[in-house]
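Paired with chain B in one complex and with chain C in the other, chain A is shared by the two complexes that follow.
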Partner chain A sequence: MNSLKGTLMDEKTLAPRTGLRGRPLLVRLIVIFVLLAAALALPYITTGYYVSLGSLIAASAILAASVNMLAGDGGLVSLGHAGIAAAAGYGLAWSAKEGFELWAQLLVALGLTLLVSALFGLVSMRTRGVFFLMVTLAAGMICYGIAFRWSAVTGGDNGLSGIRRPEAIAPYWTFYFAVLVIFIIATLALYMISRSPFGLVLRGIRDSESRMRSLGYPIAAYKFSAMMLSGFFAGVAGVLLVWHAEFVSPTLGDFIASAMALIMVVLGGLGTVSGPLVGAAIVILIQQVLSTHFDRWSTVLGALFIASVIFAPKGLVGGFHSLVGWIRGRLTGKPAAPHIPKEPKSEG
Partner chain B sequence: MNAVLFIQLALNGLSFGALLFLVASGFTLIFGLMRISNLAHGGFYVAGAYVAVVTVATTQSFWLGLLAGALAAAAIGLVVELGLLRRVRNKEMPEVLVTVGVLFVITDLVFALFGGDAKSVGTTGGVPSGALVIGTFAYPQYRLFVIGITIVIAVALFILQNKTRLGAVVRAGVDDREITAAMGIDIDKVFTGVFVFGALLAGAAGAIGAGLFSLTPYAGTEILLYALVVVIIGGLGSIGGAAVGAILIGLIDAFAKAFIPELSYFTIFAPMALVLVLRPQGLFGRVA
Partner chain C sequence: MQRRIAKRGFLALTAFSAAFLLAACAPPGAQQAEEAPAGEGGVYKVGLLLSQTGFAASTGTDLTRGWDLYWQQHDNTAGDFTIESIYEDDASEPETALTKTQRLIQEENVDVLVGPILANNALAVADYATQSEVANLTQTSADDLTQRESSPYVLRTGAFAGSQATFAAGAWAADEGYMTAATICPDYAFGWDNCGGFASAYLEAGGEITQQLWYPQGTTDLSTYVAQLASANVDVIFAGTTGGTDAVGFMQAASNFGILDSTPVVTGAATTSSAPLATAGDISLGIHSVGYYAEGLESDVNDEFRAAYEEAYDAIPSVYASGAYLTAQLLDKALTEANGEKLTGEELIEAVKTVAPEADDLLWGKVSFDEYNGVVAPLYVRTVEKRDDGKLWNVVDKTYDDVSQFWTFEPEEWLANPTFNQQFTHQ
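And now, the complex of A and B:
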């Protein structure tokens, strides 16, 4: 692995990122510190409803981040990740129902997550672009179908209810802190993966699969590994989402749920570090808050998504960075940094 | 297993396969020419189905329902193509993401307009209904009618694509859009035409499928899953592949539902996985 850096030179010249590039470190740290302080203060300044909403946003953001890892670095847009999250959720819920200890519940959830991720990986590792999206969509729908049909184990349409969180995170506010900490760890881990030689190879595959193949990289093995890593984080999100609701039903893994995760990523900004959180916050707020006033929130979300794809392909975070770059360019008289397309190219 | 049950299950499989072919052929036609993985196809299906149900309920005519459903889906398809997809033409990922959004919006609007309760269409007015009885063998005539009408549509599609000038233009576009455009053919018009035609097929499939299964706003996403598996197995862009894949998946699904209902989704996953591992371009697909 260490030899990769030598052969591929400086990664910045090869794969520029729209992320936090070019902003002074101090500003970056201040922004992160303020956000962190606000997140930590949330339980002390608002009611349980909003804290609970915060838990849901952070847990959903982990699922979105797992989609973002594949889509941003690998150019592999998955429309089936909710299926992996559901596998983890059902593993936890079923073993809790059977009276397993906490560690055994988590082990069952992990095992199912890895098994389903491996199946996702096997069927998708030789595909790319639209094909990858269609294959993951089909695989995710099949997870939903099994949850829906295999009612002896999964409870069918009614799902499994009465799942209790472990003692320590039973109160809504300790659960919120737990989700927050896990979200931060997951985000850091995904950032490190993206910055590692492994992430660099993934970006190489995204930009030119044939070139990476002729350099001797086993493309399918890399895609499979990326799916396993991403699936692990989707599984973490699945466990947290089930603990949040203390309930699991097939809708956790349905097409809508997978589409939501992708909508979060695209609205927030594909391939950005903070995109999943921003996207999750927008989607969850529309879903939970707008829905109390207006039944057709789903149409609003769909329309917003279409508009974002057409008019703001870099999402809110990407658009914000362009805006900042443009303003700074005007102030200093230098032209803004050129826009580098992040969209995966299809090869001939 | 006795022979009567076997024939009944086989016919169930074939009639479901026929419906899958109607959905998958439009999907694969659009993909073959435009390289768009049109997930809104499920939305066109469900919109056509609901319009047909309402039309049949008021006019008591199946054929008017079929016409109205197909035209409604075609109209939506025209709006989506001209209003949205043209803006992201030739950008692979934005195209498919737009169709995801459209599926989302159509499903929600159908829910708003028609409610979430399952509906089914009384197949009145001009189509066979009731059961065909031969000795101990009994079978719904409507399902046989679905197989028959699909064969008619499939033959018409084949003639249209292989024997007419229009078909030649579309086939040329599939092979090489740039050269086709350079020959003086307005490829944008061909794109729009094929997209609307695909939507028309999806709407017709919805109208026909409404008589087979009870209808909910999520019927579109469900049939979309099956259609995706069919085209992945058959090979994207190949109508012949769609036919073979549809019959295969229809039969597998019918027998699996009868004998191992809990795993009936997994049984369509297994052949898909097998094809993807052994022949990623599908049975009849060309290497991209």
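And now, the complex of A and C:
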């Protein structure tokens, strides 16, 4: 472990990846507090509709963050995470319809999340790259298929309606605050996981699986654990999304939902802390707000995605950091801050 | 390093919790300012939730056309009110449908919601509308919305698929003297309902179903299934396709296997709607179908509607367009009867239920509503024919009046049973 830290920590690649280091602490704190203040003020300056949109964005951002954890640190791109979210959502919805107490509902949701995550982990832990993507895609589609076909329990295509949030978070604004708190806790937790020795090993596996194996790391076990952790956050997102809609149907777990989570990550910035939130905000605002005024919203989303991949491969967050660095370089007359270096191509 | 990060995270968390506690103390201002200004100078706001994008986009186009046409003809006026229509796209997806509903209700303060058409969207929207006490004239095939999940705020003024429409197909097949039948439907809620309606009415009337085939959602090439039908040796075949590519796939395969020449085929309205007919062409001639509306229905109101529709859009009106037009008719009549009183919520639903049976110029014919807010309307058995101008359309063969969502069954018994599924295929 120590030898690994020694080699990896010295590498420059680590620092700008999160975009947090290398800038004065004060600026960073000010930005965070301004954003927090804005998020807290939202229910007081706008209407219920926009507050609900805020809840939806934060809940979707948690799902995107769970995909980001695997994809950013582990290089494991999942196209099936909506399936895990749906498992949690259906667990909650079904037990709510059956009249279970809140704690039991959450227990069922947690149990299903862990079960499905474990299945995801078992089938995918020995794969990587495109194979990992295909296996998670298939696993996600199985979750969708079960929700779609097992109509006696899941309501089939029609889903389950009439689910109510617990009393304390029933009003839209308390629910918003609850989602916000959970989002912040999840983001901090994922950040700490990413910075932990566990996260370092994941990054090592991403960069060179064979080297990590030769160092004696049990690769499959690490991938399995990463999937369990990531799956847990996907499950949290699933519960929040169902509470938001007070409804669940198979579209929560379909391929489009999984793909949207990935698009949010790539658009916002793969492997960045704030990327999932930025990506979720953009995708949802285009999907829900722009579509009111403009029929071709999906074209806009597609064009933005392509433009982001070409011009800002590190997503909007990464692109923003480069831009700030460039402007600062211009203003101070110094050469621009070093552009985010390319990730070393993996495979060893 | 680790400690520094943990410390920073802890700091942020503490600061946030403090801010959160402060913020949560005062109830947000939005809570008080939510009340909508009532009666804004005689404007009656209608929020239409339609699938304008996504896989069901064609239904959104047709519904918009039918709705617009009515209000163009009536100068956007219903009684003392000026109708203001606000369109929203649900992207054929329930999460979006729900967000758009929130916008229509909270931001636009609509007086009534019309739509949506997809079953899962409709269930999500109706639940929210009920909680907000906003009337919802829904257009969906989700039977449960007017059965097990019935709400005083939700009225099904249109139901384009589901089990109700296909009762007439089963009754017709039995009335024609066909003793044995085979069915083919997609293997999910839409298909279970379609085949369920046919099978319930057909078995009730003494017929016998020898074979039931189910194909997975999204299947376009149905030849392996239709080949089994070709050797089924039955008197009549029921096909409950979604009206998408599976409808064309069914008609082409049935034509190739010679079924269309040898065995009568009856389908749901979706299979012989204008899009599949245009693609399949002449092979579809003579196929029977059942629906609440037929383009070739002979009545004054339909002659006028069809002529205006064809002139405005250069297309033959579909069942969906007719449903939107009917909904507009019902809303107009309810608001006209109200004598200037702005009807919303439960009052509007009750008013529509009252005016419908008295009206004699409704597009679908004689329409009323049952106690569960489901539509009771005539069902037309239709046949595909070629019009003088070469276009294919559906003309009326036979009419079954006053068909309710329970057919001839007792509502209590019906509701005690589960919804149709793979195992429970008929009442």
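The rule we apply is simple: the second predicted complex is superposed on the first by the 313 of 348 C-alpha atoms of A that agree within 3 Å, B and C clash if a C-alpha of one lies under 4 Å from a C-alpha of the other, contacts with A are read in each partner's own complex, and residues count from 1 in each chain.
Going forward, a contact is a pair of C-beta atoms (placed from the backbone, for glycine too) under 8 Å apart; a residue touches a chain by one contact, two chains touch by 3 or more.
Given the structure is predicted, the values throughout are model-derived calculations rather than measurements.
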Superposition on chain A - do chain B and chain C clash or fit: clash
On the A-aligned overlay, A:F198 touches which partner chain: chain B = first, chain C = second, or both, or neither? neither
First, second, both or neither for A:L133, with chain B first and chain C second: first
Quick check on the superposed pair: does A:G302 touch chain B, chain C, both, or neither? Answer first, second, both or neither. first
Identify the partner contact of A:T46: answer first if only chain B is touched, second if only chain C is, both if each is, neither if none is. second
Go through the superposed model and pick first if A:Y217 touches only chain B, second if only chain C, both, or neither. neither
For A:L262 in the superposed arrangement: first (chain B), second (chain C), both or neither? first
Go through the superposed model and pick first if A:A152 touches only chain B, second if only chain C, both, or neither. both
Once chain A of both complexes is superposed, is A:F320 in touch with chain B (first), chain C (second), both, or neither? neither
If the shared chain A is used to align the two complexes, which stretch of chain C, 4-12, 220-228 or 400-408, clashes with chain B? 220-228
From the superposed pair, tell me which chain A residues show up as contacts to chain B and also as contacts to chain C. 148-149, 151-152, 256, 295, 298
Tell me, which parts of chain A touch chain C in their complex? 9, 32-33, 36-37, 40-41, 43-44, 46-49, 51-53, 56, 148-149, 151-152, 156-159, 161-162, 171, 173-174, 177, 180-181, 184-185, 188, 191-192, 195-196, 241, 245-247, 249-252, 256, 287-288, 291-292, 295, 297-298
Would you pull the chain B residues touching chain A in the complex into a rising list? 35, 37, 39, 84, 87-88, 91-94, 96-98, 100-102, 104-105, 107-109, 111-112, 221, 225, 228-229, 232, 236, 261-266, 268-269, 272-273, 276-277, 280
Can you list the chain C residues touching chain A in their complex? 1-2, 5-6, 9, 12-13, 15-17, 19-20, 23-24, 26-31, 33-34, 52-53, 88-89, 91, 93-96, 98-100, 102-103, 106-107, 119-120, 123-124, 126-128, 142, 144, 149, 187-190, 192, 217, 418-419, 421-422
Chain B partner contacts - residues on chain A that touch it in the complex: 77, 79, 119, 122-124, 126-127, 129-131, 133-135, 137-139, 141-142, 145-146, 148-152, 255-256, 259, 262-263, 266, 295-296, 298-299, 301-303, 305-306, 309-310, 313, 343-344, 346
